[in-house]
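Multiple structures follow.
Across the two complexes that follow, subunit A remains constant while its partner is subunit B and subsequently subunit C.
Let's turn to the complex of A and B:
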């Protein structure tokens, strides 16, 4: 009896340090942010309760509206890019060989470069006159673009830039692929299923939990990850084309000491992030029963 | 800081080096007699001028604050690039000799955004730096929150500096509601850096005091050259698309940025001489093509072009001097006043030393502030080339005008000649954000993505909220 109750307690004891850390470092600040969002707070003086005034301001603040919209397409774009990219690369490289190992390392590389350096590298790659991308396009006789200088191409560029940081997702997909029992695939092949059929009816459904995990994580991260790359490569332009919510939060909260308003915008980020995650859950889980994995 | 905007291999290498060194904030209490590479320029300065302060070290007899033996810790935050930081380190070392028991910690946070984040975090934690260096365009929002120590009395009692030692243009910029809050370390202004060789090659007369917009434009045209491939190989001029660049042109043309400099209620960019000046500046790009196009600027910044010798005239303040000295080796360059129109006008660039009202050690903080911005300190910092001294006697001395060893620009007198023509942007609690909005509009018009009228109207409309907020802030105090 005693042993049993202890074994029931054990997992919680093991989790305790982590739970404590998450509570203090994540949930407490989150709750605090929600509370602050109903106040006027300049960090120097105590917060003043102002109810929903900060939220009401969203309707007049056109830069906020623009930034929210920009953040939305950025998140959707990068999550899709990274998800599809990580999956395709994992499928292609789920083999052995020296070249394969090298390729895997190469894919992981962009994810470990510090973000400022990473953004500066892209600034070089996308340089309209001397960048290797435009030089390559010119050599091939293809049209070149001022990538970071027009609205559409700047938007595409920041998504692609973030999209290549898919190393972690790639590793997760690779691990998930290798966990799928060979017998299932062999049996399907013996029954005459084509590669495409095997992918659609066996691999993808079995990979859904991992894909979901990746999509959740990427959604939460992408909201914030837009900050540094856009600041360095596009300077949030041209004309607000890559002006994201974190930029506006920074300019209002830290630039103008409007921390209450900044908190309200952060709450919007939480809520929109949660909604997006809920949406992904519904879309990806629809019509398949992969719960067992 | 500003370096982010100017892509160059040098910058990238610099950033990578910083990353490797893991250096973001480097507390630098340099040991005495530090052997920095440019110690040769500063050493004679220190020894030659150590008379007034360093010798008054008899703590019991002297009643002045400067001579009082102080102790304790003082933190001092700056946001400087590597070229300029050296001067501050020498300053700290020199102060250590005057007040050996004060432990002064210099913290440099090079990126402007990070600097503000760090300041905000430390103020929120009630552990603000005792002293921080900040631009006059930003100090108002700290002053209105009661976070800065008024220093009128300290300045009045000081035996090291007097208010009348300073250029009024610099000192007044740090006044808020009749009180003096910070001590300016410099009186910089927007001027024109030019490549002497390109002027000589094109046979164009060198710019001088009183030259006009027309003179400037014809020089810029003559100095813009196409290469064999039909593309522009050399540009006449380069200027950043910012309010602080546009403003002096508006003033020179007889207009103003805001309706009322003391109590502004709106921008006046959308009509009269302000709009005309805005159009004139924009047309340098859209019509005259004497400044780099959007793509050319992105491919290589104006500053980088100037440093490489493919851009003849570059508008910048004094801050760029150390970098130009270090990077330009194969041609002569100098500085000239920005061109005049109906008036001669330029814009103040000044940073001040501000003491936090929450500073733990105000006596020592003031002692360092008066030392750094007194004759002793300014003689040291002027050696770095970064500043135009805010103290008249130092600015007018050979230390600034004809430094040894000789270093460009030769015509340092320009900054002093232009001092009477210096104007400044209004002191507002929301000014920083107004600049954010208007810079975007200027850039849009400058590169032809919007008409001047549309951009000006958008600038006026999209800053209404900030003016309203400023008035609310001022009214509520």
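Let's turn to the complex of A and C:
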């Protein structure tokens, strides 16, 4: 009897650090964010309940609107870039051989470099005067650009920078491709299906679950992935062209002691993330259904 | 798609033309692949090459990968010009505390999940999966308030704290999957011999889950070593800085001294790259990647 009762309690003792940690570091902060979003809070004095005032503020805060819009195109841009890139590279490298192994490792490289080092390298690569990109373009007699100094090119730069970090999605797609039985593709080839037809009617529908997983996770990650590259390379400029939601939250809350307002914007981030994930789910599901007909 | 010999019989020339065409196609495909790989390798390549460029040289006016002689002393100089050893020490402290804590907390929770009732297990696994979709920036602000209240701002505790929950719910799931494969007889017989669950963990379960142990160790090492956001948000004084924030500070101080900045970047990236090369097979086989990606 003693052994029984002890053994029933024991798993919960081993679970305690995890459950306690998750409660204190994830659930409590999320709850705190929602509560504080209805208050005026400067961290020194107790929060004051102000109802929906923080949310009403969104309509006047043009910088918030800009940051939200920027975050939206960044998410859509990087999710699309990484999804298409990971899929096409996985299709191209779904073979065996020593060169292929090397190629796969190379594709992973940008994803493994620490993000500060990665951003610093890009800052050098995109330098208008002596960055290798403009030097190479000049050598080839092509026009050069001040990449990080004009709005459009700065925006493209941060998306491309984040887009090349697709190593993980690439391996996920590769694994998904290898799980598709060979017989299915061979049967289609025997039936006279062309390469493009096989890709459209067989491979893509079978890959939809993996693509969905990829898109969901990249959406959640991209709020974070927008922060560091823009901070280091464009310094959120020019003229706030690469100023994203996390930048605005931190500058309002930690910079100006407007923690309640920061919390309300964080709630917006939850909602936007959830909406984007829902949207991707619907789009990819519908595409899949249309192909099956 | 095999060619029909009766149709193509007249003349080997046509066959030769076909093979030539195929060879050209293969060559073009290899070239295209080579170009793509060059683009992916380029940031790393340029970081290494620029870190060896002499600081006496003027900025380049044309594309050149290496300029001889290579300035190896850039590395010695960057070590002397800033408190890099201090940052390095802080980084080592954080990694040294966070990685073992992560392994313990995540593997405890993973083993416990195999021992609780099915209903509790499903609930906790679903919760862990849902947690993976919470965007990290959504926790920056409330954690900042929390750490301020706890007095952890400007201490390394703030950086190590997530290790107490196993760093990521996905590591817990990884350990759960590994332990679920351990034959139940082994665990039960150890328990009948009087071993408690902690002894089962250390003597039976962990030795059988070594690949997962290595994978989680590699992943959490890479995460804590590269982590920029947490020190950026929660540390104040330079004495506590870890390498990533230290190097960002360095960039603000010596804006245009790119060779030294790149040398510092190489030094920060090197341990991660070495681990990547050693564990390359793990990364490219998918399991570890999936885990890193779902962090």
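As a working rule, the second predicted complex is superposed on the first by the 260 of 293 C-alpha atoms of A that agree within 3 Å, B and C clash if a C-alpha of one lies under 4 Å from a C-alpha of the other, contacts with A are read in each partner's own complex, and residues count from 1 in each chain.
Operating definition for what follows: contacts are C-beta pairs under 8 Å (C-beta built on N, C-alpha and C of every residue); 3 or more make two chains touch, one makes a residue touch a chain.
Treat the numbers as computed from the prediction; the structure is a model and nothing was measured.
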Which of subunit B and subunit C A:60 touches, first, second, both or neither
first
Counting only touches as set out at the top, which of subunit B and subunit C does A:232 meet: first, second, both, neither?
both
Would you sort A:144 into first (subunit B), second (subunit C), both or neither based on which partner it touches?
neither
Which partner does A:249 contact after superposing on A: first (subunit B), second (subunit C), both, neither?
second
Is A:257 contacted by the first partner subunit B, the second partner subunit C, both or neither?
first
Going by the contact rule set out at the top, does A:12 touch subunit B (first), subunit C (second), both, or neither?
second
Would you sort A:94 into first (subunit B), second (subunit C), both or neither based on which partner it touches?
neither
With both structures fitted on chain A, tell me whether subunit B or subunit C touches more of subunit A's residues.
C
Just checking: does A:117 make contact with subunit B only, subunit C only, both, or neither of them? Give me first, second, both or neither.
both
Let me test your reading of the model: by the given contact rule, A:153 touches which partner, first (subunit B), second (subunit C), both or neither?
neither
Under the contact definition given at the top, report the residues of subunit A touching subunit B in one complex and subunit C in the other.
43, 114, 116-117, 120, 124, 129-130, 232, 250, 254
Subunit B contacts subunit A in the complex at 4-5, 7, 11-12, 15-16, 19, 113, 116-117, 120, 123-124, 141, 145-147, 294-296, 298-300, 429-430, 432-433, 436-437, 440, 443-444, 447, 449-450, 462, 465
Which positions of subunit A touch subunit C when the two form their complex?
3, 6-7, 10-15, 17-22, 24-26, 28-30, 32-33, 36, 43, 89, 92, 101, 103-110, 112-118, 120-122, 124-125, 129-130, 132, 135-136, 138-139, 164, 167-169, 171-172, 174-175, 189, 216-217, 220-221, 223-224, 227-228, 232, 245-246, 249-250, 253-254, 259, 262-263, 266, 269-270, 273, 277
Please output the residues of subunit A touching subunit B within their complex, sorted ascending.
42-45, 60-63, 114, 116-117, 120, 123-124, 127-130, 146, 148-149, 231-232, 235, 237-240, 250-252, 254-257
Under the definition above, what is the set of subunit C residues touching subunit A in their complex?
1, 33, 36-37, 39-44, 46-47, 50, 59-63, 104-106, 108-109, 111-113, 115-116, 124, 127, 131-146, 148, 161-162, 164-166, 169, 172, 191, 196-198, 201, 222, 225-226, 228-229, 233, 244-245, 247-248, 251, 258, 261-262, 265-266, 268-269, 272-273, 276, 280, 283-286, 289-290, 292-294
